[in-house]
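Take a look at the structures listed below.
First subunit A sits with subunit B, and in the next complex the same chain sits with subunit C.
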Partner chain A sequence: MEPGSAFFMVLMAMIGGAIRVSTPFLFVALGEMITERAGRINLGLEGTLVLGAMSAYATSYQTGSPWLGVLVAGLAGMGMGMLHATICRLPKVNDIAVGIALMLFGTGIAFFFGKPYIQPSAPRLPSIPLGGWSDNPQVVEALKINPLFIIGIALAFFLAWALKNTRAGLILRVTGDSEVAARALGHSVGLVRLAATGFGGFLAGVGGAFLSLYYPGSWNEGLSSGQGLMAVALVIFARWHPIRCMLAALLFGAAGAIGPALQSIGITQGYYFFNAAPYILTLFLMIGSAGSKKALRDAPGELSLTR
Partner chain B sequence: MKAMRAIGLDVIGMSKRFGALAALDNVSLKVPAGTFHALLGENGAGKSTLVKCIMGFYQPDSGQVLVDGEARAIRNPREAADAGIGMVYQHFTLVPSLTGAENLVLANPHGDAVIDWRKENSALEAFLARMPFRVPLDRPVAQLSAGEKQKLEILKQLYLDQRFIILDEPTSVLTPAEADEVLGLMRDMTRRGEVTVLMISHKFREVTAFADDLTVLRKGAWVGSGRVAETGHETMAAMMIGDTPIRERADRLPRENAPVVLDLAGLFADADDGRPAIEAINLKVHAGEIVGIAGVSGNGQSALVEVLSGQRPMRLGQMFIHGQDFMPGRKQMAAFKVFGLPEEPLKNATVPTMSVAENIAFRTFDRPPIARLGWWLSQAPLRAQAEALIAKYRVKTPAPEAPIATLSGGNVQRAILARELSGEVDVLVVANPCFGLDFASVAEIRAQIMDQRNRGAAILLVSEDLDEILSLSDRVAVMSSGKVTYVEAIEKTDRATIGSHMAGGGH
Partner chain C sequence: MMAADSASLPSAPPAGASRARALLWLGHAEALAIPLLALLVSALLFSVFLLMLGKSPVQFFQLVWLGGFGTAFSWSNTLLRAAPLMLTALAVAIPARLGMTMIGAEGALVLGGFSAAAIALPMIGIANPWLMNAAMMLAAIAVGGLWTGLAGSLRRYRGVNETISTLLLSYIAIAIMNFFVEGALRDPADPNKPSTRNIGAEAMIGKIPGIDVHWGLAFAVGACILLYVLMLRTTFGFACAVAGGNPRAALAQGLPVGRLVVIASMIAGACAGLAGFFEVAAVHGKANASLAAGYGFTGILVAFLARHHPLAIIPVAILFGGIAAAGGIIQRRMGLPDASVLLLQGLCFVVLLASETLYGRLRLFNPALRTERT
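This part shows the complex of A and B:
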């Protein structure tokens, strides 16, 4: 392939874009996968993502340490997740309704506290240049990998292993598949879900930190534009498996990178249409997987989607 | 002298109240080590409450449990397990998506956080080698048969080294042969002094065949105990029922050359997950005939009933009534006089929050006299109809306006009978009509079904209770893996033959 060709440039821009754009999807999807594996849906992750982005940016600005920002974002997300789990433990509370309420709550408080941080510039996360072997500037640019992406990929493989080979993983699957069985084993369904939703919130908060501290790399109110919700759709498409979640996140990332990639070689026609690609993809994947009976078979038995 | 590993258990003066209801009233029970004890009683007699108190699910108001003669406080199921007491529940507690091995490993409360599968698998192999029955452990539990699941439940308790095992109606999902195998092996283990068994049951045949002693409860109170060998079925029944009057069943009127009413021709339908639920069902039901469909639950019977009542789409096939094409729907069901008593009536045949009167009117509310001008619902005739039927079918309800969910199971079933059977019936589809009901209600409902048969209705009776099929049917069909594998007149077949077809044996 000719390194200077337009096709090569688009391809490189898409690979780089896929890695950048997919990272928040990856974190939110893995978190939501764990939450749903415990038998609950947390739609509030959109709000958690925005809150995570705001608190990471604010912390990084105030302390000068972006990594501390990531941690604070995760803790804020964990708080949101545990709030969701705690409210859902009350009798006759619907997890989807609580999720929508928390989505609005999360974005609301993020906008409220985030107002002073829209203008100033905070220290951002570093990137790891893996493209040093190449003298092609596009390759070098595409392979500037952010450390969170690597952590996310490692996490996907770790979760896949842990769901099979650890007691905690098995207990999580039991709770998601059959409350009765979990209780008969002497485990508290509420506690397992509290932990799973808290963990899911933590990852979503970290995903938010990526948005404000790496790409796009600033804090503003239109930062997330529904990525938290798309990640929930992605979990269903990935049929609740960590590795498939990772692949689906990369696919969504690549779709999200189409618009900017084409723009980079000067194709601006249909820019907004290509930017809408991930949303269109979400729509078609939902239609496709909603009709799939195989998806139903893999779904956790206690999930309110499938009951 | 054999080494006695089994433990004995005494319950002394146990009482438990739920609000105004005395669920258990001063019940005592003695189960010596290495015996097989049967706990008999009707639904609501307090058997489940008693074992749940023993297991620590409930805290009894008074009374105590002695394990091997020593008083022991059991505050939760974990403490029961520590005392060596394990329970096999009526509804499976295995996790369907996990494999048998994963289920067993998870059941062990002292396992490691990270599971070393090589070590666990060899330990499981060694354990299975000592056990009387084998179950494939590498497959997800969802793929096991009901019999294998039940065995795995028992294996789980033995793997946890429980030496007093409570079985809650263990055979309700098993074929007769599987039931005999599992209970036989359990009895052999008690004979060898390895375990003690307390079995909740209402099947006299199993109690007589396998148990050493029995205890009968009625309305929360102890009625009697004794050696099984010295107690006849009549005595057991008398102890369980007390002096409640039981309605005599109408005699079976002979029938000759009756025409075919319901004709099912090659029905196919899919389960929710897309797998085939029923395949190539061919069945004819004549006027004045009860065709009983036997089978272990989950072999397509529910799907068949759902297809017949229009709740599940047919993929292929045709249904005929009196030779005419029948598509289940409100209009055609009224025109062809098709009625139904689905299983779990509160869930499948009522709107629980609507009143008894409204539920009774579901068949007639859109026709005169209740409906006027085709759309106006008048309350007076609706109430009058409800009052008449409530009286005729002896539905015990505080008022016609009471929500039907507040009625007892037997009275919900009576209200549905009143709705479905008060008019003229040509085709009746019945599914597990007596599940969970007391003796008096069971007798009443079976009498009503026989009554409809004698009046010329074609009846399809789906039941998991083989005794019900044997006592009501004119012909028996067996469903296994979604197919009808066997059809025979009742006088030309017997329990063992039906049982082997239920197991998919077919010989």
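This part shows the complex of A and C:
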């Protein structure tokens, strides 16, 4: 392949784009995976993502430290997750509906407090240049990697190990598969789910921080367009496994990077179509994976999504 | 209200039919009291929030009253917003009666409105306005119905979760509209905002005589009444209620649950599409990004507050239409961001869903709980 050709440029832009675009998917999907493994669905992660993006940007602007912004975003997300878990703990409350409500609520808080931060520019997260070995500018550009991406990949492997090999992972899986068994073992179903949903919210908040502090790298009201929701579908497609979640997030990142990659070589026609590519991909993946025997086998037993 | 309820309740439980009737009325009172209580609690929480920001809650609610319901002008503003809200709320409520949570009204509204504007393009200035409006309305209803019907079919044939698929379809619908509006169907005469060509003043839907609101309001109220009759007074509606309550029992009874799912989702999409038609033909005159104004999302809240009852949707939609109409004046007079309406809506929604836990647990409405204790 000859470097500099249009195909090579698109390919490099897509690889770079996939790494950038997939990071929020990766965090939200891992968080939602943990929540769902505990037997609960949090559809409100879309709102959590927006709230995380806003609070990270605001914190970074006020304190000058983007990493503090990431932490605050995570804590804000954790608060949203724990609110979800607390409401769902009440009897007769539907977790999907509460998720929709928190989607609106989180977006409402973020837009309300985020208004003054649309204009100013906040310090952004640094990136690690891993493309120094190459003298090709496209390769260098594509391999500027954000530390959060590396953390996310490491987290996927860690969670895969922890779910299988630690006591906490076992308790989580038992709670998700059978409330009765969890109670018989002496664990509080509500507490486990509170922790799992709070953890999921934390990760979704961090995913939001990536959006506003790295890529696209600014705060505005149209920042998140369904990534939080697509991540929920992605978890189903990945059949609740951390490593498959990571691979699916990369796939989604690549799909999301098609539009901007083509734009980079001047193809703007059909931009809106390519923008819709991740949604269409999600829908097809759901058609393919829903109701399949494999999905039903791997689904946590207490999950209301796979009725 | 609570006092009146307990006063009308006889101290000794009546026997037979009158007892059944009393229980039925208690159920209705409970379904009215708990959402009202939720609204009250959210208003209180929002007041505390405003106080923490150093703003006056009294002024806020006075402005909501003034901007939404205080004058004839604000009423017409309110009803203008209430009309699409009624239709998008129906789009959530009808599938909900079958136990489905479909939240894609925003997309069906946008795509319906866009189809209406698109089918009007070759007719602008030539066709009879009545014919043109009829074609536009049919296109909007058909496209909206098919769009959401797609989610219903995916649910029926593939078991795809309808909540996620409807929301994904919403994003796709908005992308489809943008694709055409910024490309093939863009009006070259309008350099500012990408839009389709204006359908022309003579083709615009007029106002209902006597009030300053377009005919969409009458159609929306009509749709609420029609769907009330369909869902609560016909065998079709009863079959839907059975399928929603217990799908297995419905299947055992030989009810065509799968077909009901698809039909209900098509009705839902048709309602949202109709809302899109009126947004184009009575408000904007063309299709552009303003169609995605959030009516689909507020409609979800309206439907849940109305407990998915088509007639209850009418007053709830008017209430939230009023709050939305007051957004501008609140922004100007109190210096609050326009998102304060969104925040209030989100808060109402969260409190409302938390209040669902109270059903069947308040002794006031459930005499059986009282006898259990003794």
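One rule holds for everything that comes next: the second predicted complex is superposed on the first by the 305 of 307 C-alpha atoms of A that agree within 3 Å, B and C clash if a C-alpha of one lies under 4 Å from a C-alpha of the other, contacts with A are read in each partner's own complex, and residues count from 1 in each chain.
The rule is short, and it goes like this: contacts are C-beta pairs under 8 Å (C-beta built on N, C-alpha and C of every residue); 3 or more make two chains touch, one makes a residue touch a chain.
Note that the structure is a prediction, hence the values are computed from the model and not measured.
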Touching partner for A:Asn165 - first (subunit B), second (subunit C), both, neither: first
Partner chain in contact with A:Ala184 - subunit B first, subunit C second, else both or neither: first
Which superposed partner A:Ile128 touches (first subunit B, second subunit C, both, neither): neither
Which superposed partner A:Ala154 touches (first subunit B, second subunit C, both, neither): neither
Chain touching more of subunit A, residue-wise (subunit B, subunit C): C
Touched partner set for A:Val174, first subunit B, second subunit C, both or neither: first
Partner chain(s) touched by A:Ala6 [first = subunit B, second = subunit C, both, neither]: neither
On subunit A, the residue positions that both subunit B and subunit C contact, one per complex: none
Of all residues in subunit A, those that touch subunit B in their complex: 165-168, 170-171, 173-174, 177-178, 180-181, 184-186, 293-294, 296-297, 301
Residue numbers on subunit B that touch subunit A, as the complex places them: 76-78, 81, 89, 91, 93-98, 102, 105-107, 109, 111-115, 117, 272-274
Of all residues in subunit C, those that touch subunit A in their complex: 101, 103, 154, 158-161, 163-165, 167-169, 171-172, 175-176, 178-179, 182-183, 297, 300-301, 304, 336-337, 339-340, 342-347, 349-350, 352-354, 356-357, 359-360
Subunit A residues touching subunit C - in the complex, by the definition given at the top: 43, 47, 83, 87, 90-94, 96-98, 100-102, 104-109, 111-112, 114-115, 225-226, 229-230, 232-233, 236, 269-270, 272-273, 275-276, 279-280, 282-283, 286-287, 290-291, 305
